[in-house]
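Structure provided below as structure tokens; questions to follow.
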Amino acid sequence: MIRRAFLALAAIVFAGVFATQSSFAEDKFIVVQSTTSTQNSGLFDSLLPIFKDKTGIEVRVVAVGTGQAIKNAANGDGDVLFVHSKPSEEKFVADGLGVSRSDVMYNDFVIVGPADDPAGVAGSGNAVEALQKIAETKAPFASRGDDSGTHKAELRLWKAAGVDPSGASGDWYRETGSGMGATLNTGTGMGAYIMTDRATWIAFGNKGDYQIAVQGDDKMFNQYGVILVNPEAHPHVKAEMGQEFIDWLLSKDGQKAIADYKVDGQQLFFPNANKGNS
Amino acid sequence: MREMAFNPAPGASTPATANSETPMLLVRDVSFSAGGNRLLANVDIDIRRGSRTLIMGPNGAGKSLLLRLMHGLLQPETGAVLWQGGRLTPEACRAQAMVFQRPVLLRRSVMANLKFALSVRGLRGRERAEKIRAALADAGLEHLAKRPARVLSGGEQQRLSLVRALALEPELLFLDEPTASLDPASTAAIEQLVLEANERGVTIVLVTHDAGQAKRLGQDLVFLQDGTVAEIGSVETVLNSPKSEPVRAWRDGRIYLGPNTRSLKDFTGRSH
Amino acid sequence: MDSFWSALGGAFGLLVTLDPDLLEIIGLSMQVTLTAVLFACLIGLPLGAAVATFHFPGRSLVAVILNALMGLPPVVVGLLVYLMLSASGPLGVLRLLYTPTAMIIAQMVLVTPIVAALTRQVIEDLNREYAEQFASMGVGPIDRLTAMLWDARYSLLTVALAGFGRAVAEVGAVIIVGGNINHVTRVMTTTIALETSKGNLQLALALGVILLLIALAVNAAVMALRASAVRSAYA
């Protein structure tokens, strides 16, 4: 009986090995290096099936921070880069790692805070003033601190506010070094203000008593761009399928699919492919 | 083993000198130390082919150690163990077998234990199956062949251990207090198997504390005390009319305290 | 506590409805982990047994290294495997990054030292018992290893179980090399990480409960096997 149980166990394991190997028969796929905001908001879950139905191409999304996504793509570990930090994206193309960059869509950043609003910034439409107030009152502020697109945008705002929060790191300025979701979980837990993209915030399920405190500032515009990884830099890049995905995103159909994606009746991303530059 | 009996072991350096006059195994001036303590000193012993030699002595005298040196499990510090007039090579060791005081049995069935030992010697198929059958019959363990070896009684385990050693067809068999923890019936069974093996030509070297067993099994007796040979002779002579003080002390049930001590008060402890 | 109990309820709800996505994720988790443990055992068992049995220069150093590697941080393993498998890495041509195979490799690297180090301890104890008998019988080195591995098989099952526990619960390495790609490399732990980052704490906890139940079932099965072996004195 013992011997038979052993054999059964071995059979299960080998079946597992076999199944793992055989699940790779399909090769019609591309890898997209993207950000947590697009994934966590559920946008990809809505877009990709439409694209697959149309073209038969499976899109595999690796969702990490913008900084890491760009590094992964620079290593050639992806066919398409879909992130939100325009200066870094333009540098990526300038370095010859990407073919060209196109605007796809935008949303905006918001600063969320606890209901009791310790810094008195609720309802503000001026991000620079709000950050200055937060710094003055030393109200806790949770930063991504992970070189992501959101982190970079946050640092640009601090610069505009004339505040260098790095001196207060560990005091009222708390760098989580984590993704958007983890930072929201941590920040809401410690009563801190947090800057997040609106899409992630709307889809976030652990809001507690938090509300949007600051929104509507032009400076908090959040542009997403898409880039085909340069096949000259990485010959294995599936340029044709990658370009097909990009073309679709920028097409009328793709743009409509982005606009149609809603959570709780709210539109999360606003297509702006035609307005974009190269 | 019978067909092997008069072939000198491969690797024996001077096979030409190995005739019936040459003792099968010679221990020459062997000393051994461990942890700074001298455990054996200048031991000389001859083991004749086909003989039965008993090694006796109090606890810590170095009996088990001597057995391991003769079997090649340990190397002497000085001196030499000679096998058929040559060096005791690993190949020569394969012409020997050993039964330990506590039987070391694999976590397998009785039959699988025999099978493993024979497989190690390259036996396969029908030949191996036949030898397993014969060994089980010798040990009276046929009905337990498929039992896990380690649920057998102590006596059954030691019988299995003994027939496993004999299945390897050794020319020389060492036994280290094989019946120390066995009841009289199991002891008798072991002694019976040992005597039968000896009749077939297997040379026996056995360590025991049991004077009765010594008289039942022995021809020659080596008495060890504190790592040196106190007395050598026939079992009858040594046990009935000992010439040395250590054997007399042992026979009378006294602790031998060495030539320079007179009572337990003077005994300062000796490292074993 | 409210959320804990509702998570527990949610876990059973998920299991009862047999959500196909969930089943796929559970299936992939088991495939990846069992395969990784299998290969870790193929390497770790003989390696641990050899270190336990044979005397060679640097033996205790190897033992120390194996023990130290047991504490290898998964993220570090993930990074190392990523750097190897990345298109710019030495093994990039194999195109294994972001596949279950990459996850298997990462888990294997994590688990092999555990299997080897624990095997060394188990076999060392057994070797102490068997060594003289084997030397007396003239058992060769390979036969010694295989005999002890076979005789210690029920103890080694527990060793494999320790490796399974480490692998199945691991997230740091597989999320880096697997990419947590939906329907491709998404396993239990990376799903839990994803749902946590989405703020869906109850769903994450429910998935955690399911993972725990699976681990519990595997452990119970192996322990039952071992118990029956102990009864028959084979362990």
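To keep things simple, chains are lettered A, B and C as they appear, and every chain counts its residues starting from 1.
By definition in this document, a residue touches a chain if its C-beta (ideal position, glycine included) is under 8 Å from a C-beta of that chain, and two chains touch if they have at least 3 such contacts.
Quick caveat: nothing in here was measured; it's all calculated off a predicted structure.
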Topology of the chain contact graph, where touching chains are joined (line, ring, star, complete, other): line
From chain C, the most remote chain by mean C-alpha position: B
Chain with minimal offset from the mean of all protein Cα atoms: C
Mean-CA-position distance for chain C and chain A (Å): 32
Chain centre separation (chain A, chain B; CA means) in Å: 77
Between chain B and chain C, centroid-to-centroid distance (C-alpha), Å: 47
Chain B residues counted as touching two or more neighbouring chains: none
Contacts with two or more other chains, residues of chain C listed in rising order: 232, 234
Chain C-touching residues of chain A, taken from the complex the two chains share: 1-2, 5-6, 12-14, 16-17, 19-21, 23-24, 31, 36, 39-40, 44-45, 60-63, 72, 75-77, 179-182, 184-185, 203-207, 234, 236
Interfacial residue positions of chain C with respect to chain A in the complex: 30-32, 34-35, 37-38, 86-89, 92, 95, 97-101, 104, 153, 179-182, 184, 194, 196-201, 203, 225, 228-229, 232, 234
Residue ranges of chain B touching chain C (in the complex, touch as defined): 68, 71, 73, 90, 93-94, 96-98, 100, 104, 106-108, 116-117, 119-121, 148, 150-151, 168
Residue ranges of chain C touching chain B (in the complex, touch as defined): 129-130, 132-133, 135-140, 143, 147, 151-152, 232-235
